[in-house]
Amino acid sequence: MGESPAVALQDAVALISDFPALAGLNLNVDRGEIVMLTGPNGAGKTTLLRVCAGLTPLARGHGLVMGSDITTGREEVRRRVGMVAHSNGLYDELTVRENLDFWGSLIGAGDDEVHQAMSMMGLDGRLSSVSVRGLSAGQRRRTAFAILVVRRAGLWLLDEPHAGLDSSARDEVDEILKQAVASGATVMLSSHELDRAQKLATREVRLAGGVVVGDGQ
Amino acid sequence: MGESPAVALQDAVALISDFPALAGLNLNVDRGEIVMLTGPNGAGKTTLLRVCAGLTPLARGHGLVMGSDITTGREEVRRRVGMVAHSNGLYDELTVRENLDFWGSLIGAGDDEVHQAMSMMGLDGRLSSVSVRGLSAGQRRRTAFAILVVRRAGLWLLDEPHAGLDSSARDEVDEILKQAVASGATVMLSSHELDRAQKLATREVRLAGGVVVGDGQ
Amino acid sequence: MTIDTPTSTTAPTRGTSTPATRVLGILTIAMTLWLGVFGLLLSPADRDQGDAVRIMYVHVPSVWLAYLAFIVTALASGVHLFGKRHSLQADRVAGASAEIGVVFMAVTLVTGMLWGRITWGVYWQWDARLTTTALLFISYVGYLAVRGLEGSREQRARRSAIVGLLAVLEVPLVHWSVKLWRSLHQEATVLGTDLDVSLDGLMLFSLFVGVVAFTLLFLWLLLHRSRMLTMIDISADSGLDTALAQRRAEGGASI
Amino acid sequence: MSSPHRGRVVQIVFSKDLRIERRSKVLTSQIMPFAVVTLVLFAFALDGDVILQRTAPGLVWLAMLFSSMIIVQRSFAVETADGALDALRVAGADMSAVFWGKWLALVVQLLVLEFVLLVGAIVMYGIELRLSGVVLLVTSSISATCGLSAVSTIYAGLASGVRGRESLLPLLVLPVASPVLIGATRAAEASFGTGGTVVSEGWPWLGVLSVFAVVFGFGGSLAFGPLIDD
Amino acid sequence: MSSPHRGRVVQIVFSKDLRIERRSKVLTSQIMPFAVVTLVLFAFALDGDVILQRTAPGLVWLAMLFSSMIIVQRSFAVETADGALDALRVAGADMSAVFWGKWLALVVQLLVLEFVLLVGAIVMYGIELRLSGVVLLVTSSISATCGLSAVSTIYAGLASGVRGRESLLPLLVLPVASPVLIGATRAAEASFGTGGTVVSEGWPWLGVLSVFAVVFGFGGSLAFGPLIDD
């Protein structure tokens, strides 16, 4: 298609305290793809996702995300991406509802959108008023997803989205992602649950040693 | 067999700041079983495992773990169990090696045992001298497992052991668990990756709402 | 990551000196000798301070050059932060200048304390100038610490540039501390001695010589040090290349 | 959906921080007792002679400095604990607005603490306050607090995240903040009439403090984005 | 494999804590500058008159109290960050040994800090030390530090347990800790000869401090297990 690719990285090198977590990685992702990142522990998946979100700077190489340069055009990039990392980015002292309201209002989302997202992830009812510290691992993850849904991003970056979620929540997440893609979004997710992710993804990119070592449908 | 069951809980009620995470749960686990705990997010799996480890006290009911009462005989219980929780219990500032040495010497394990465990989990070589803060999610998990292996417990309590691990590490873990059971240990693990866990487990216990709702092979 | 336009002289193989800097170095040495002659021999002893006054020829120039160094740091930081290219060369100049400034500041403190011991009888006393000077010194130690933090060069540059721009605000505070506290603080500050050095012509000239000598020294050090930093960055880059190779190798036999 | 305008973001962040404080009660049940006990202990250490009144203002502001450090460190610990700061960055939140929000929350908390401390000092050290002094005391305290909060927030931003940074916070803040401390102390002395000072001597300090507050306030709102976001 | 005897556990925990401190440098690069700058600022706030020498001991020990709280809080934050404390409990580690290990690490760090503070105060405030005073100063400082560390460690143990508790604790601990402060301050004054005191006046305080240290030391080692292990 005519429009710029969702992600275009050339010779991307990213350092984590002097260690090259990405060692000259090249990757192109077109809009509307669901790319799953696989690879051994420490391959560089998380780092790659953080680079795409403009969180980790490139030490060398160039990168375009949603048409803007991730070094110079961070602001634009951020306006277009949403991310669920290993950590959930929640405030322990606040309740589920308060967390969603906070992030929702920061993004400028409406009350109804927030409420819809919560019921999608089964957080309405009792849980909505439980302080996040009291949540179980999976319930925290669900909350993070609810926030992501509210975000309505153009590029979704998911670091092991299924980890910690129970089967019903997993199906729900997959459903949400499919819908998002249907409405024009692009998805990059890292996963160690190959068969599950493979059902979902349109393309599998395998990382190792900070570079792409395998790329296929 | 004549010896006491690995776990025997009667009407176990456990509160997490006034919320009954376990609501009168009954469970018996014989020695040598590999029990997998399933159930929706917030069902009470983590709480159950913590109760068995003597970390969360019972508000009501009784519990025997490895033959000793978890309320009165905590010390004995702890001498027999090993646990990998959602959190890994590592010191960020220390290197992988230093963490293993610390826990190893605390348990009274020998240097060789430590080294063996590290190579089992692929932590020898470069990683051994990396500070834990620098590790990837899965590498942290591997370290936690290496410590567990050194522990040589009679009852292994694993909260989503596979989460975050890559496929090779998962196989390694399964292998380790099988060996442990072969040498007389008992395993309780919670998991949301049903098919994988089912391959491993000898029995599946399904929790919901803080009680057992399903129990079968 | 590119080292922007390192001059040919900064190739690691060659040293950091050029004909220009060699001349500068020679001039510096000459002026310093001259300062010795004037400061120690030709200039008269002070009426009531005696030979102690000669400390002034080091004390005062070093302070002023420290000020200059910190201002240069601030300017370079500004160039990096607000310049189009976010020049890393500017950042390195800022860093080098700050390092030199800290050294000069230390010299000021030491000479000042010695002088204080002689004239006031104590090494230290808690008046406005001394205190603010001490704090200024601490701030730039902090600045250097920020430069030492982990992270990419851009990060280092951005952070330290901001700190450099904020810290320089303390220089006027030190400079006018006497006035400030005189006018603001009821008790007359003990700084009387600090200023009633009656400078006759020769003293003034010696002081002037001192300032010139220290200025040359500053420039000379600045050139060398900033080129040094450039070379360090370059060698760090070549180090990165090998690290990258190793990292990629992990791909083959990865854990 | 359009991201909200800056003022709104400030308000969102501000109320979020205050709500968290209300839940965790760090200020009311950890810092305040500390500060008050400090006053008491000092009253002991120099059992209630005139010295006490001389030192009171300095003490109060020293306590303020400590507290601001603790509060601000906590307010950023909350952001980094579960990666909320990264989430804020990805959400493309206007960082200078975030700065003002956190700054405001800090100011409010410090002012509360300050009120307690001053009242405590006045009661315990038997300082009698001249009406004419009150105005100076209040105005100078407020502007000093604004300045202090600005400095602390800026450097806490720099100190948040990457390891090793946090250990820098005091090293960076204290020298820069000390003018505030000194100014505020002098102003307080003037309004208390400590050591026979008269109120008029205090006003110039108010000027210094205000300038400081403005400079670092706006410096901070400019610098904060780049600092957080590297 | 048999779990190691108590002494070994103490040593393991102790060296672990010190190693972490060496890595994170909280003491050397955060607390020390903090404490020193405090001395500087205070000296300036009371520019160099006799008051300074009067207040020096009190100041030093106030700084010690703050620092001990910060250090110990950090030393338990490290344990709870990634659930290491739970891991310790499951590993069946002898909690009173853990207590002594953490206590010892705290004592060592505080003594280092104390040395710096005292030297700093003596140099900067122009205190001249009588030889006869040195012995008292050293012994009293050490026993005071032991007591303070014991209290702080107990405190942190409590605080690290169930949430919500910590909010109570400063209220509980500070009154308990203040005798140490006052005792140590008085002893220091005596050894400095502050305000014409003579050394002999200091010895009784040393007794008080020692008793305090012993009581809370052993109280702590007994109470610690139950505290951690709600």
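To keep things simple, chains are lettered A, B, C, D and E as they appear, and every chain counts its residues starting from 1.
The working rule: a residue touches a chain if its C-beta (ideal position, glycine included) is under 8 Å from a C-beta of that chain, and two chains touch if they have at least 3 such contacts.
Because the structure is predicted, anything quoted here is derived from the model rather than measured.
Asker: In this assembly, which chains make contact with chain A and also with chain E?
Answerer: Intersection of chain A and chain E contact lists gives B, C, D.
Asker: Identify the chain pair joined by the greatest number of C-beta pairs in contact.
Answerer: Chains joined by the most C-beta contact pairs: D-E.
Asker: Rotating chain D so that its CA atoms sit on those of chain E: what angle is that, to a multiple of 5 degrees?
Answerer: C-alpha superposition angle, chain D on chain E: 180 degrees.
Asker: For chain A and chain D, let me know how many angstrom lie between their CA-based centres, rounded off.
Answerer: Taking the mean C-alpha position of each chain, the two centres sit 37 Å apart.
Asker: State, to the nearest whole Å, the distance from the C-alpha centre of chain C to the C-alpha centre of chain E.
Answerer: 38
Asker: How far is the middle of chain B from the middle of chain C, if each middle is the mean of its Cα atoms, in Å?
Answerer: 58
Asker: Return the distance between the CA-based centres of chain B and chain D, expressed in whole Å.
Answerer: Spacing between the chain centres: roughly 46 Å.
Asker: Could you list the positions in chain B whose residues touch two or more of the other chains?
Answerer: Each of 17, 86, 127, 139 in chain B touches at least two other chains.
Asker: So which stretches of chain C touch two or more other chains?
Answerer: Expected reply: 135, 138, 145, 150-152, 154-155, 255.
Asker: Where in chain D do residues touch two or more other chains at once?
Answerer: Where chain D meets two or more other chains at a single residue, that happens at 24, 163-164, 168, 171, 174-175, 178, 230.
Asker: If we count contacts the way the header does, which residues on chain A are in touch with chain D in the complex?
Answerer: 17, 53-55, 57, 74-75, 78-79, 81-83, 85-94, 98, 102-103, 105-110, 113, 131, 147, 151-152
Asker: Taking the complex as given, what residues does chain E use to touch chain B?
Answerer: 1-4, 8-9, 12, 16, 19-20, 23-24, 78, 81-84, 86-93, 163, 229-230
Asker: Taking the complex as given, what residues does chain A use to touch chain B?
Answerer: 16-17, 19, 39-42, 46, 86, 127, 134-139, 141-142, 160, 162-170, 192-194
Asker: Give the list of chain C residues in touch with chain A in this complex.
Answerer: 1, 150-152, 154-155, 240, 243-244, 247-252, 254-255
Asker: In the complex, go through chain C and note every residue touching chain D.
Answerer: 81, 135-136, 138-139, 141-142, 145-146, 149-152, 154-155, 158-159, 162-163, 165-167, 169-170, 173, 180, 183-186
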